[in-house]
Amino acid sequence: MKAVVFKEIGKVAVEEVPKPDLNTPADAIVKVTAAAICRTDIKILHGWAYGDYKHKPGLIFGHEGVGVVEEVGGEVKKFRPGERVIISNNVQCGSCFYCLQGRYALCENGGWVLAHTENGTHAEYVRIPYADMGLHKIPEGLSDEDVMGVMDILSTGMFAVENAETKPGDIVAVIGAGGVGQCVIMLAKLFGASLVIAVDTVDHRLELAKKMGADVVINPKTEDPVGKIMAISDGRGADCAIEVVGVKETLEYALKSVRPCGHVSIIGIFAEPQTVPIDIIQLKSLTIRSGYVDTNRIPKILRLVQHGKINTRAIFTHTFPLVEAPKAYEIFDKGLDNVVKVILKP
Amino acid sequence: MKAVVFKEIGKVAVEEVPKPDLNTPADAIVKVTAAAICRTDIKILHGWAYGDYKHKPGLIFGHEGVGVVEEVGGEVKKFRPGERVIISNNVQCGSCFYCLQGRYALCENGGWVLAHTENGTHAEYVRIPYADMGLHKIPEGLSDEDVMGVMDILSTGMFAVENAETKPGDIVAVIGAGGVGQCVIMLAKLFGASLVIAVDTVDHRLELAKKMGADVVINPKTEDPVGKIMAISDGRGADCAIEVVGVKETLEYALKSVRPCGHVSIIGIFAEPQTVPIDIIQLKSLTIRSGYVDTNRIPKILRLVQHGKINTRAIFTHTFPLVEAPKAYEIFDKGLDNVVKVILKP
Amino acid sequence: MKAVVFKEIGKVAVEEVPKPDLNTPADAIVKVTAAAICRTDIKILHGWAYGDYKHKPGLIFGHEGVGVVEEVGGEVKKFRPGERVIISNNVQCGSCFYCLQGRYALCENGGWVLAHTENGTHAEYVRIPYADMGLHKIPEGLSDEDVMGVMDILSTGMFAVENAETKPGDIVAVIGAGGVGQCVIMLAKLFGASLVIAVDTVDHRLELAKKMGADVVINPKTEDPVGKIMAISDGRGADCAIEVVGVKETLEYALKSVRPCGHVSIIGIFAEPQTVPIDIIQLKSLTIRSGYVDTNRIPKILRLVQHGKINTRAIFTHTFPLVEAPKAYEIFDKGLDNVVKVILKP
Amino acid sequence: MKAVVFKEIGKVAVEEVPKPDLNTPADAIVKVTAAAICRTDIKILHGWAYGDYKHKPGLIFGHEGVGVVEEVGGEVKKFRPGERVIISNNVQCGSCFYCLQGRYALCENGGWVLAHTENGTHAEYVRIPYADMGLHKIPEGLSDEDVMGVMDILSTGMFAVENAETKPGDIVAVIGAGGVGQCVIMLAKLFGASLVIAVDTVDHRLELAKKMGADVVINPKTEDPVGKIMAISDGRGADCAIEVVGVKETLEYALKSVRPCGHVSIIGIFAEPQTVPIDIIQLKSLTIRSGYVDTNRIPKILRLVQHGKINTRAIFTHTFPLVEAPKAYEIFDKGLDNVVKVILKP
């Protein structure tokens, strides 16, 4: 089959590789019909390490995808070949210490597996361990594009919004308006925020942010985000500040624009080590939360998509055939052509 | 001054009565510019008792109102004559056992006072005890009509929605689409429900419910509400059922249409004693909550109104001068002329 | 094998029956080393129905037990023959709508199965469906008697205490001091109650309640429970009232002795239909919760037992060989010989 | 009157100063009967700044105290001269944005006032602003020594334990066993921890920690705290890590010994700027909380003291007459004579 392979730092290629087999009776093989590129794929491409873990050349990229069940192992009870499914970007066993708490990202038998320790979704076929936990049926009437945000950007967005303890009436500052940031904006509105404030340095993203529900947009190139957030929040600051970029400045915006007793949610992935000054947390009585997404919110998110309450189609600005993956990666990596998110179609 | 007075059971009149004075240095006198009739005023008119408490003839009706501060006692620090204010429908001291928990309806020095143990807002002037806690400044740019829902129907609606532990993605059944019900519908949507289902026997209310955010409306005269709610919730039932009427049938709809492990919020005020069968609560592992509204949500609600996230103007279908109160009461009581809520203007 | 069988209403017998086999690859067969009689077994014996479900003659009693794994199906990953285990009294699949929320009692593929729709633990062997979810290893150093409370009375007790939202500093009234009640008392203390008040009509149970952590005990035969609870709670009432009996009077004690804005947890199983008056819930702004226990708390409870924070050995007042089950049932049923809980040893 | 005065950095003296007067009608004057020295007093003495705020020479030390009401202003409703009271270490107005949420430390009209912007409790008399909110009656039968921990070390301890989201069954690591640390230990046990682990470099504190409820004590001089905590928590780490010292090493212990998805509560006050590495928060999906204590827990804590559930008398190891304050400060500052906490008696 064809797959998008990590060759070496900085180099991605489409290659012919063996189709995956069932490894255990709990596995399923899914024929991928659409997959999306994540900022994390780009970070892997540039040599980023997750903790101490370095990604190995030969790895197939991609942890976002939808498809059709091709084959299931003997222990798989919920799925049959031919069913259209969303692929969870966590692998979760469902019965370890962390899974029993819904903390799938920390699954003691899984966690981040796709395009990390095992091959990912940027391929014609992908193997999904613990398929009964890792797949979700696509409701009638929804296209691949309709649900393409569910497994990652919406899951991550909802994780970030919940980590900020966003409540109806809150003022929410969202620092960063990429694919996840757009979902955070849409979900902050869905959670009943009285004001959603989007901060980004790219104007076309701010335009999209307005469509997604931002009440106020701020481009730090032309306005001081902290000053403006203070001004529109009675001088106190935002109830919730959600950092979705992963650089020094955006972290500072979040810490400075959140009000005393507020909540800071950090979902951006930092290429450089960063630190949070304790005296700020202490003087402002803050709560800080971070983490990699737990995909236990997929059923709830699917319901919201199914009933038309959230819609991520405008975020997926580009679609390429899988064989053009190197070009797609370049456009996404460099932010060309007003790209936000890119779909690959095998 | 002119005031709307409870003469005897079934009889309301506009009379000339003395203007209220400051009783304590914590009081304020507010010149009422607009007040609304509540279903509770009608219940009082018809002789309903609150626990063992019978309302006394001569009482001035009304616990919903906005106005202008006329005079303040020496301990009032937050308000000055001339300021436009919303009147909380609870009187709260701010420092008793219940107030410290935000449970203002149970204030040991107040609670339900207006149009209950003391005179109410259906008058040219009203005395507000503990004015620093009981008044809220009207933000610039908002009219009386804009904020007319804040002190009661929105506060009660949010209390009911929170009592049902409504969370983003939930399916919420709202039984009853009067003034409070319309707010519950609007707020269930604001809280991120995936489906808001409105049930009422009056078609024009169901029409309004759709405008307020109901995804599905059911008139029990033509459809079985429980069956339909089951059908659109995967056969499990609604996550949250909110009863906003106060009769036997609507209570049954709520208990039967909520899913196992769901939440039932009862806000309707029952004229007849009603009971909840324990075996249903136990077999379905339910949580049941009820109560009279705590107005501690007013600042949050005001923020949402100010930023245009919620708007109750369409709910206030009728406005009358205060002197026409008997006619206004009759229209509201009998549900004439497609009335939902009525404003009186002194 | 020998087993304790429900012959007809009012009649229990020890009989020779076939040893159970694996039904599915997810099952395990456990050799029972100790089992306990539950009040529910007695209710079944006397013809009680669970909703509409009537128990069938021939059913083996018992949903509380510990033992040694005898045999496991091919999908069982966590357990091997020879391991000592606690048997969960719920059967839970681990991946349905309710299991994913930890609400195992409502498992769409299980729930209450043992001694209900399938044979129970009062036998030499028992089949456990979804064994990976339904069994828990017994930590080193703990005897059968040490963990005999974990699967039911402690799980139910913690469920009841959590349903009452018990928080450190609370005054907790526990109405009923049988096996579960004793655990509720011990756990209310563990949760940090400032006062635990036990109510029961049997003096030896009140004596045991004091040992388990009750600060105040009340026998309604000699004192008015509601009056006394009011007197020791500043006239407001208990923050949490937990009903653990299941008769009209105890329900009334709970509703009357809880303070406004307090929480009522109902865990007693009622033989007669009972109702909760809504006006009390509404005037006092109460939260009412009930349900059958979810056993998702077993790992946490085991930790507490292992570290010596809770100990139920004094609650298990009697032990009989399995063959003397009819006598054991009679003693437990009639409350003879100061019995609290009874262990059967096959 | 006599008072303990901050002369200059490093110098404390007892001096004759004017007795305070009522400033506003909401004030009370309290005759101090006992006061305690806090580690913060020592930090002020050594020139520590709170944010940008430098303490002024002439300031009277002390924010912990109990006494007898001497005089009240005209707006004070809850207290009369002659009543024995606990002094809250926050000044709270009760009606600002933060007070309405119980976040008294951030009170927009108060917060940290005593021994900070106004004179403190280490004197014969002290003025208490907003006395109705800032004083609490001492229940019958409790001595000054019984309640000496309530206003600060118990309040701070409970704030820290709640910030760590401590739940029954949790493993709680407490890093630091000074006065607040001892309370954290006692309260972690009260909250139902399955294991309380105390870490400190001073053996006599670890001895006291055992009496207060620590199950395991670790002296980093002889054992590796992180390794030992891992070993006794199934290799995962503590559910909650509470930092109560304020130096680099103790912060590291907390971050390294907490398990993934665990909670870190930071209550130690750092003399040097410290930072938290984000990648650790992110990889371990942590929640971090800090802040200065809100004293809204005093009523609940008083109840627990009154009913004998917590007792801090052993923590107050030393008592001196007020006139010997310089000696008392020195002993406390240098940790002489196995001191934990020191009481001054005017």
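Think of it as A, B, C and D in the order they're written, each chain with its own count starting at 1.
In this section, a residue touches a chain if its C-beta (ideal position, glycine included) is under 8 Å from a C-beta of that chain, and two chains touch if they have at least 3 such contacts.
Predicted model, so just to flag it, every value in this text is computed and none were measured.
Legend: contact pairs of B-C compared by residue number with B-D, C-D or A-D; the interface matching in over half of them is A-D.
Two chain pairs, A-B and A-D, are compared here, and A-D has more C-beta pairs in contact (counted per touch definition above).
The distance from the centre of subunit A to the centre of subunit D, each centre being the mean of the chain's C-alpha atoms, comes to 41 Å.
One inter-chain figure worth recording: subunit A and subunit C are separated by 43 Å, centre to centre, where each centre is the mean of the chain's CA atoms. In subunit A, 97 are the positions where the chain touches two or more neighbouring chains simultaneously. Here subunit C touches subunit D in the complex through residues 158, 168-169, 171, 187, 190-195, 215, 300-301, 303-304, 306-307, 309, going by the rule given at the top. Against subunit B, in their complex, subunit D makes its touches with residues 25, 75, 78, 94-95, 97, 100, 102, 132-133, 296, 299. Note for the complex: subunit B touches subunit C at residues 50-51, 97-98, 101, 103, 105-106, 236, 251, 260-261, 266, 269-270, 273-279, 281-292, 294.
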